[in-house]
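Look for subunit A in each of the two complexes below; its partner is subunit B in the first and subunit C in the second.
Moving on, here comes the complex of A and B:
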């Protein structure tokens, strides 16, 4: 087995609000194999978006605090990387597509400027010695990154050389790479064509508010891809779109997954979306990863009572046999989660041992695929739940 | 309606037309408030000659409406009247406006280059010591009365820093022609480095005091609109591009936060103009602020009714134009705004 592209180990994230502590993500461990698409599903508030945004350290800290664990990305523990160094890992290392395409493009800049900026970042990295060259598969060597520059810190705002360096450097890069504005424009056009935009020349000169939601999401995808990231995080990329556009963007994503060889962490609350795109599936409940395994097997024979209940509650297209099923009870308050297995108050097969801390660990399931894991003491009983 | 240059021209034209009723209204108000009390010429101008007194009585004995009509017709004809002692108003204002504009622009410049970055720093360190230091700085300015700040700067700071605290130049008038009446620009036109430095040195203290007192608005607005913008998704996507925090803040976030700050700065221009009245008097700056002060009888001078009305009208035009510029900038900065 190769080293995973992303390896999350025992990650816990709390939100500290006033005197309260909300355990948004508790002890999540997850491996994303290189080149795979891993889907994460769960209800609203189960911590899946927090998990997604914690990987590139995008969460505002405070109120979020990483309570413990490691996020290993290409041999670097991102939890320990100082904040000022994160920009060198974002972009060409990890890119992200957000949920709300209406808000994720800057309303004040033209489309061209926003996409070209991403192209510039990649070029600057590629030409910088010891930078994050990965398009050719060369390893990412964190130790060879340049030392902090004055412009990277708040105190360095007015230090000469700190800020100006970036612009000078960019011009040098452009000259060295023969990158004239018109050539950058070609690259941007290529990526807009890649995301199936019909009239890219016109789109380039428009502002985000002049485009539809689906169009903006395509541009977000183009922007994320043109940095050639080794890990792409899609945080509910289709949830905010209406159904027909959702289908179009999803088709695009599926086609791109085949065309662009990259690792994807796909966050969604829509089981159908995950079923169509992902290789592996992780199910989250109340901040914990309760089941993880190959998509087909998890769908066919779930080994955690919550997954089973979730699959039963999912609406199918032509459901005519009565009302939709719902899971009895309600999602626990994350400031005081139930002891032991967090699903036990709603679980049909719960026993006294389920209420004892620290609850069942995520462990391989006997008699299932080798990478199929479940956080339940009785995975063999789950198929028998009516 | 859209965002083509012709739309912008129509927009500016419309706003300039709105200027006409506003100026007329201001003129009526200023005229009524200065002329409504009974003017007893021999009491107000005890040292005036008999000739001047009879002229004064002839002017002020008429009904106020007919006084206004005379003033208004003359004003439109370019005759802005004269003080009772016969000093014409128009030349004084024509040379005073550039001096005041120079002061206002200099302090606006300081407010922008210091106040806005301070607001960004305050927003970045919201709730931490950086935020508190910035708040102490701008609240100190905000809470300082203009007269107090100006006097402290002129009496204590000026000798301590070795800066001049009176007038536009060390000797007035300077030994070169004053084409524009902007002191720094005139010295530059004369290609005279010594006098250019001299003009800058004279401008520094009054402009700094005016900026320091009004800085709070720029800083506070930048801080609060940055705090609104920073949690938005496009700031996250800028971060995800791998841009350094500096570019995320000063390019992506500030560009959007400036939309509100600009609007407020336009309104602040009125405050700056009001501040010039005291600042110019204290620093002996030959602008219309000092002229306004002497026109209403400040410093024991005999009141100058025509001058006071004209100064108020010029100030009003200045405020309206500042707001128009802010409106245009608002439309330029925010591509979602349509010009209409």
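Moving on, here comes the complex of A and C:
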């Protein structure tokens, strides 16, 4: 039994606005296994981006406040880590790709300067006395790395959940003491090639406004990858791009997920994206995780009425007749969520029991895969909903 | 192996050839921006002439000024002529020479005040803007900085400067201190506002997510993007400082003329002794000098934004590395590097929603 790369336990996040409290995330528990890709889906405003940004503690606090719970990463509870220590965990520990590629690069600096900054963050940490600390707490022994072979690439040498052990990387570390700009340039070029940027030599000297949205998102991905994070959080990396560019970036992401073999938390509202990339899938509704399980099983036989309704409402290219299905009712106001199960006002199988606080806990479903959990009192009835 | 060499090596220094080219491209861009804005061009040329003249007046005053400082000529109260372009006064001083002798001092005072206000106010503004989380120690510091700033802003700056100038007495340093004490709060306000706007932009979040420390984010990402409006404001401010400086001199609280030449004090001296009605040309020299200098800096400031913004810079500069040089379609994927396993990638078609 391995320890998960990330373990969220009973996490609650509120936004305090004036006298009101907006319960954006309520009592979410989630394990992300090392080397797995975990997808989180849910409609707009269900708290998935809040959850994603809370993990590396990037939420503005205030107005956000972590009401309770733990975020365990490499044996450390990130909720309790002092604010000034967080930068040492971000980047090399947890890195993030944002949903706004158009504004995520500093307009005043050339691409090279920005990617090189990420490379330097990594190097500076490695060249500290004691170097980087592995996920299991042991110091990292660079002498035990395999010798470089011809054709070695950066990708393919990631160790899930730990620190990358690749030949190119070792050379980087050896040079770290006296690395010259041209070597940094080589590393930056390697990563731009990794994200399939054509003519990287030219791109290096351009400013962000001279690149398209898709190219900028690739640069962001390169920046996140060159720090070799133990956990990569992708917060809707494609939602700001148009459809054809989305497809290209997603294809790239899918290839990179296989190549770098790292742990990824993939936030999206696009079920198709999750279906193709993720190993496990979590479904969020109104700030709660309502279902979690292996992606194939959740798609094939959802055990929460909301998941079932969400899957039915998703458009397919084969359905050409009639309007798209929608879920009756509307999303609850999260400053005064309905008592009990938050989905009960819209649920076809709701009973009086569902309105009693606290709502149904996220519990394993009988007769399903062992890690398939549903926050419904009647998961066995869900397959029967028309 | 474990040294801090990698840290000291940042940012990566360009090679000699690269930097020479960068300087060339920078100068060419600067020239093109100036050419595109004729008024900025005029401002730049006049500012350049004024600065060179000021330098000459310090190094070799006789190149420009026909008479020495405080040199009494035999001509008294003469109107403008070939020998005395701005005329002479009752003491026989050549006003043209005196105006030139005041040039370095006036520019020095204006730059010193605006520069010190920009640096001091800018640092305070960055601190107050970036570390403003309520409830923390740094948030309390931010509140203290802003309240003190507000107290200073509550007084009309000219009146406050006059009051301080009165209490300190006459002299160059007293004048600088008096104006500076009223000048820095505007920069705190400006920089804090810009910092607040910039720090919530996605690229600052992205830098934080990449593990960049707060100090670096402020010094690198925020400062660089705040700099643009601040430098423009600074340039325009040189003119404003000069006017304030002259006003204080005009009411007789600045530098003591004729022992030290300063434009505002010169005007004050000539009109104060009632000579302005009989010999109006006496105020022409210093008045014209103030007018030209303030106008030149204002014109230059307006065009500086274009020079500092990478977007307009590229358009106007048209460097050889522009995006147009990407001849091949940039989205064409390269072959994946050394695939570890050669299984088919699932779903190679464009993904769509289920």
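Convention: the second predicted complex is superposed on the first by the 338 of 386 C-alpha atoms of A that agree within 3 Å, B and C clash if a C-alpha of one lies under 4 Å from a C-alpha of the other, contacts with A are read in each partner's own complex, and residues count from 1 in each chain.
The rule is simple: a residue touches a chain if its C-beta (ideal position, glycine included) is under 8 Å from a C-beta of that chain, and two chains touch if they have at least 3 such contacts.
The shown structure was predicted, so the numbers you read here are calculated from the model rather than taken from an experiment.
When both complexes are superposed on subunit A, subunit B and subunit C end up clashing with one another. Using the contact criterion defined above for the overlaid structures, shared-chain residue A:258 touches subunit C, although it does not reach subunit B. Within the superposed three-chain model, A:187 lies out of touch with both subunit B and subunit C [touch as defined at top].
Taking subunit A as the reference, the larger set of touched residues comes from C, when subunit B and subunit C are compared. When the shared chain is aligned, subunit B and subunit C each come close enough to touch A:209. In the superposed model, A:275 makes contact with subunit C only, not with subunit B.
In the superposed model, A:247 makes contact with subunit C only, not with subunit B. Touch criterion met: A:121 reaches subunit B and subunit C at once.
By the touch criterion defined above, A:227 lies against subunit B and subunit C together after alignment on the C-alpha atoms of chain A.
After superposition on chain A, the stretch of subunit B that runs into subunit C among 60-68, 186-194 or 258-266 is 258-266.
Common to the subunit B and subunit C interfaces on subunit A are residues 56, 58, 60, 84, 87-96, 98, 100, 103-109, 117-118, 121, 125, 151-152, 154, 207, 209, 220, 223-224, 227. Contacts from subunit A toward subunit C in the complex involve residues 56, 58, 60-62, 84, 87-96, 98, 100, 103-109, 113, 116-118, 120-121, 123-131, 142, 151-156, 173-174, 176-181, 184-185, 193-194, 196-199, 202-203, 205-207, 209-212, 214-215, 220, 223-224, 227, 244-245, 247-248, 250-252, 254-255, 258-259, 270-273, 275-276, 299, 311, 314-317.
The touching residues of subunit C, counted against subunit A in their complex, run 1-7, 9-15, 133-135, 200-203, 205-214, 220-221, 224-225, 310-311, 314, 321-323, 325-326, 328-334, 336-341, 345-348, 350-354.
Within the complex, the subunit A residues that touch subunit B are 53, 56, 58, 60, 83-84, 86-96, 98-100, 103-109, 117-118, 121, 125, 151-152, 154, 157-158, 162-163, 166, 207, 209, 220, 223-224, 227. Residue ranges on subunit B touching subunit A, taken from their complex, read 117, 121, 124-125, 130, 231-234, 236-247, 252, 255-256, 259, 333-336.
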